[in-house]
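Just so it is clear, A, B, C and D label the chains in written order, and each chain counts residues from 1 on its own.
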Amino acid sequence: MASKIRIGVLGASGYTGADLVRLAIAHPAMEVAVLTANTHAGKAMAEVFPHLGFVDLPKLATVEETDWGSVDAVFCGLPHGTTQEITHKVLTDHPSLKFIDMSADFRLVDTAMYKAVYGHEHMAPELQREAVYGLTEIYRDKIRKARLVACPGCYPTASLLAILPLVRRGEIDATDIVIDAKSGISGAGRGLKQNVLFAEAGEGLSPYSVGKHRHAPEMEQEVTKVVGRSVFINFTPHLVPMSRGDLCTIYVRLAKAESADELRQTLMERYRDEPFVKVAAEGVLPQTQNVRGSNYVQIGVFADRIPGRAILVSVSDNLVKGSAGQAIQNFNLMFGLDETMGLMQQPLFP
Amino acid sequence: MASKIRIGVLGASGYTGADLVRLAIAHPAMEVAVLTANTHAGKAMAEVFPHLGFVDLPKLATVEETDWGSVDAVFCGLPHGTTQEITHKVLTDHPSLKFIDMSADFRLVDTAMYKAVYGHEHMAPELQREAVYGLTEIYRDKIRKARLVACPGCYPTASLLAILPLVRRGEIDATDIVIDAKSGISGAGRGLKQNVLFAEAGEGLSPYSVGKHRHAPEMEQEVTKVVGRSVFINFTPHLVPMSRGDLCTIYVRLAKAESADELRQTLMERYRDEPFVKVAAEGVLPQTQNVRGSNYVQIGVFADRIPGRAILVSVSDNLVKGSAGQAIQNFNLMFGLDETMGLMQQPLFP
Amino acid sequence: MASKIRIGVLGASGYTGADLVRLAIAHPAMEVAVLTANTHAGKAMAEVFPHLGFVDLPKLATVEETDWGSVDAVFCGLPHGTTQEITHKVLTDHPSLKFIDMSADFRLVDTAMYKAVYGHEHMAPELQREAVYGLTEIYRDKIRKARLVACPGCYPTASLLAILPLVRRGEIDATDIVIDAKSGISGAGRGLKQNVLFAEAGEGLSPYSVGKHRHAPEMEQEVTKVVGRSVFINFTPHLVPMSRGDLCTIYVRLAKAESADELRQTLMERYRDEPFVKVAAEGVLPQTQNVRGSNYVQIGVFADRIPGRAILVSVSDNLVKGSAGQAIQNFNLMFGLDETMGLMQQPLFP
Amino acid sequence: MASKIRIGVLGASGYTGADLVRLAIAHPAMEVAVLTANTHAGKAMAEVFPHLGFVDLPKLATVEETDWGSVDAVFCGLPHGTTQEITHKVLTDHPSLKFIDMSADFRLVDTAMYKAVYGHEHMAPELQREAVYGLTEIYRDKIRKARLVACPGCYPTASLLAILPLVRRGEIDATDIVIDAKSGISGAGRGLKQNVLFAEAGEGLSPYSVGKHRHAPEMEQEVTKVVGRSVFINFTPHLVPMSRGDLCTIYVRLAKAESADELRQTLMERYRDEPFVKVAAEGVLPQTQNVRGSNYVQIGVFADRIPGRAILVSVSDNLVKGSAGQAIQNFNLMFGLDETMGLMQQPLFP
């Protein structure tokens, strides 16, 4: 046990934090040493998440009472906006800590963009510059050396893995991408909001943040980096009556590529050796059921009946590859472990 | 009672047929006189649909044993492909009958297109030419005089009502329309298929018929009629874990219109006096929960953060306005009744 | 229109109030004149219930600003405990009003029992004595003459209709009744509680209030009245991942009856002429899907493999026959209307 | 790899078989060597279960073409009735194989009872006598030495673990036990039946096999063994709109015990050292969400408001502890492995 890496989880009473804990319990090199949740401090984890009540876990503590010197790595599952000051303080006091942020606070590189999107000045701009965007398959080398990793949102993870290799090679037109995204309701968090009550969200389907979701600038930032000029992405999310899962249907215009098959071929080559990104064979339809509870992303490519266009479908579990799983994947890299450690559980179906 | 219009339902053991019967029971001018379902002939309706077991209904009969002279109107809820010969025979034997078809058999005007899409020659081409496309708000005058009405599919209904007034006025670019559609599982019918088992479809989201769904040509036909040249529509449907409901998210490029507000204004003017098509005020998000069990279509228009583009969201109940309700709306017109008769029940929520 | 009965709804922002409004819109003799919801006062109903946004309705008002002299009848959908003082004031100021209470405040006859169950003194004991228990099929004559009707809870409605005729005739042992009850999540109301979030309640099943639900004393009161001595009822409710529906599985010991068939026969005779209580034929399984959105109760009776025992299954829609529908049924009686007026819509399935 | 135990799965295209494979992939001592599914023979597992398509697995084969000598253990997930002859043949040809049956074929000890319940003569009565009932916590020692283990049904597993220790000590009356059971829809299997279509089973709740479910005799057999005289158990199952999960609400009459607390105490002592059976602290409500995807059973004990009675609630995942997980738990014992090997993944929530 002495050799285990001690982790702390900021915001352990949210879904992201809980799924991080679920995965950490099964991770052979992790020891869950600290769990914080200020509004529930003093409680057992079993009281806020009964499904985690069958194993021994530390009690929930406040951020303030926690000795961050007692851990080797921190995962942060706090809502965006609350993370910056805490991160700054923790990393100032304990500069050698590794910090893996699952919130949105350090994803945008440009401070002006951050302010425009989130409505306030960034409170730790130097850390914002330091942070590495934690899309593992794209930034693997930087992540290995990073101290602070900003894990992508669930939608950007599923979408960018599908489109980045294609825009990089100019196979699709980076200026004409429409992403229609659908998420399970855990994606909205555990906060008490009327629209996520069972009786409201069940048996129904709702778009939200139409034309203004904060994941759009995040995706645009990454595509812009690749193509070298500013692009807009068309992006609209929807809330689907299921607990987990994230599906992005992506409508693209072919550029250098001449067919959907060519796009699929590119993605297959790109991800051939990736343990978690799986390109579906022709005709196979990705569906969220295929990846529930796992760290896999599955991407399908389809010919459109419209000449010169193609359709991509990318699915993931919003709490795993879309959040806690990718965070652990990055943790593994940051600590020099096998990247797949603790992440090879297969999907739960049905 | 003598003055009631006697109706027959072909295919009363499917969801479309059942919802037609549900609405017909409440319709003050209809009498359900005939119900056919060849595989269940001889059974009471309560045996195949227990929720319809609390009222008196005729027993299920075979098509062959039915005296079609005993009814004034026929609604057809058979699967596509099976309808043509029956329709032909019924209308040949009883030329004065009114026939409202909820299947796909008479929606496409072009016989070559029909064959290309459905894989076989049309078996009643003269009726195909006679049939009026039953999108009530667009073809109201023709429907009044029609003998045979081909009700649109659920996706075309929700989509065309949103886009036709805009392409007609040139406000959007008819050649750059992406429709991402989502349907409740009743849309797949009552047949026994593995993908619609609860344990398969629940807690999951699946695209289907990507790039090749048969509703695309149907929509293209209607848009083509309006713009006067052949257009392709980008259309991908998804199966959502809910029983009813249909939501189309439509991504459009502005042409003559300068803003989403202008599109909304056009739709509001166009549908101001329509009893069932409701354009949402700015900022109001249509969701399928708003229209469940009702004949309403609700359409929202949203600015895209991308200049020169807009997003439309259109919702309906796939079994009501998307099928049985619109069929009755057309029936009302064909028999000179108040168009809203029997259709004003408000949505069931939660 | 002058002849319509003007109604007010106290608590129109809850599910019960909303379903009352949905039914009232379709009721030929009702005019929705007043809607109160103190926390939403000033809003349009469409803002709190978008599915009711397609018809004209009065704005939401506070209880205090409402002129109760402007209505003929009041339906109350407030949470229990908040109703007593309001009811007292409204009926003191306007003694000729008819008041139909859907809350729990006037169901228990015994003030000591009320205090024991609800934890505080009843604030309008004289009204408690005046109130008629609104289980329509049992108290029809009293309801006709009542000014204040206390509609039963959803579980007591479904359960008592199944067991009262049997205990009255001594056919089952009133001291050995086990009721295992299951409800859709709308039964928990629209309040923001963590356990009714979609991600918490979906894909799961939870018992609640085990051994101490407040509907048990309500049922015991009614059975006690019939058998003339105090009885306990074994009752445990569960929350099921569906929006609507109420199913009670009732395990009974035969007394005078010799078989389940005999129980079924008794119920069939008792309810032969009832428009809303339907006893299933032998072998037919009641299920909540059969009655969704309707005012029906369906009761099935089954032989147990254990000699001397039987099993009853009773289903209803918790918001209709279990609340708003029964309230309107009582309203119809109180105003001398046809008891079924506005309540004959058939169930919505699927 | 040479040291891994090679397993075969009979019936790998059903939910039980698939969950066995999911767990086997993660099991450090198992190698999935054979998968049979006669109707899908020749296909890749990914074609019948896409969620298992991310790892290498053998192709599906027919029973007949399989070389059973190539494996060390066989798990059987075939529907009941089909297993007996296959088991007989496999064990006759390869007497040293270990056979873990997840079907119902070898659960009942009494051949007459088997015939009465399943409607035909048992086809391998000598194996029926040999088989050990695989309720691990109760028959652990026998299972260690067994060649053929008949794993209990999901309902008996959850129920018997709750009641057997109590009837054994005479704390409850074995003749007055009512079990109201609820199962997720995967419990009905993957066969194409109308009642398990999403649109039929969703948003609804249905009892089934009322008074005649085959798990009742199985539970009676085990209780009878303990109390030494024939008893009947009152048992009624229901289908709940969720994919997984099994909840049994058990109504008991106290005998030697004087309170629910005493029952809880007994169960806590009995299961103190059990890795998978967890007795909830007073006031904690077991719910299926707590155990989804895991091998845990959670049992709660509650005072009834009726003197002399108590209520037990027992939850499990019907496909794990109720089937494939318990099968692997038994496998571990049969091969002298750590009983928890491969089974310690924590529940998936939400």
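The working rule: a contact is a pair of C-beta atoms (placed from the backbone, for glycine too) under 8 Å apart; a residue touches a chain by one contact, two chains touch by 3 or more.
All of these numbers come straight from a predicted model, not from anything done at the bench.
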Task: Chain pair with more C-beta contacts, A-B versus B-D - done: A-B
TODO: Compare the CA centroid of subunit D with every other chain's and tell me the farthest one.
DONE: B
Task: Inter-chain centre distance, subunit A versus subunit D - centres from mean C-alpha coordinates, in Å - done: 36
Task: Whole-Å gap between the CA centroids of subunit A and subunit B - done: 39
- [ ] Starting from the mean Cα coordinates of subunit B and subunit D, work out the distance between those two points in Å.
- [x] 45
Open item on the list: Multi-chain contacts only, two chains or more: what residues does subunit A have there?
Closed with: 15, 184, 186, 199-200, 202-203, 241-244, 287, 289, 292, 350
Open item on the list: Going by the contact rule set out above, which residues of subunit A touch subunit D in the complex?
Closed with: 15, 18, 22, 25-26, 49-55, 186, 202-203, 243-244, 278, 284, 287, 289-294, 296, 344-350
Task: Contact set on subunit A toward subunit B in their complex - done: 178, 180, 182, 184, 199-200, 202-208, 210-212, 216, 232-234, 236, 238, 240-245, 247, 249, 251, 285-289, 292, 300, 302-307, 309, 311, 313, 315, 350
Open item on the list: For a test of understanding, state which residues of subunit A touch subunit C in their complex under the given definition.
Closed with: 15, 184-186, 190, 192-194, 196-203, 241-243
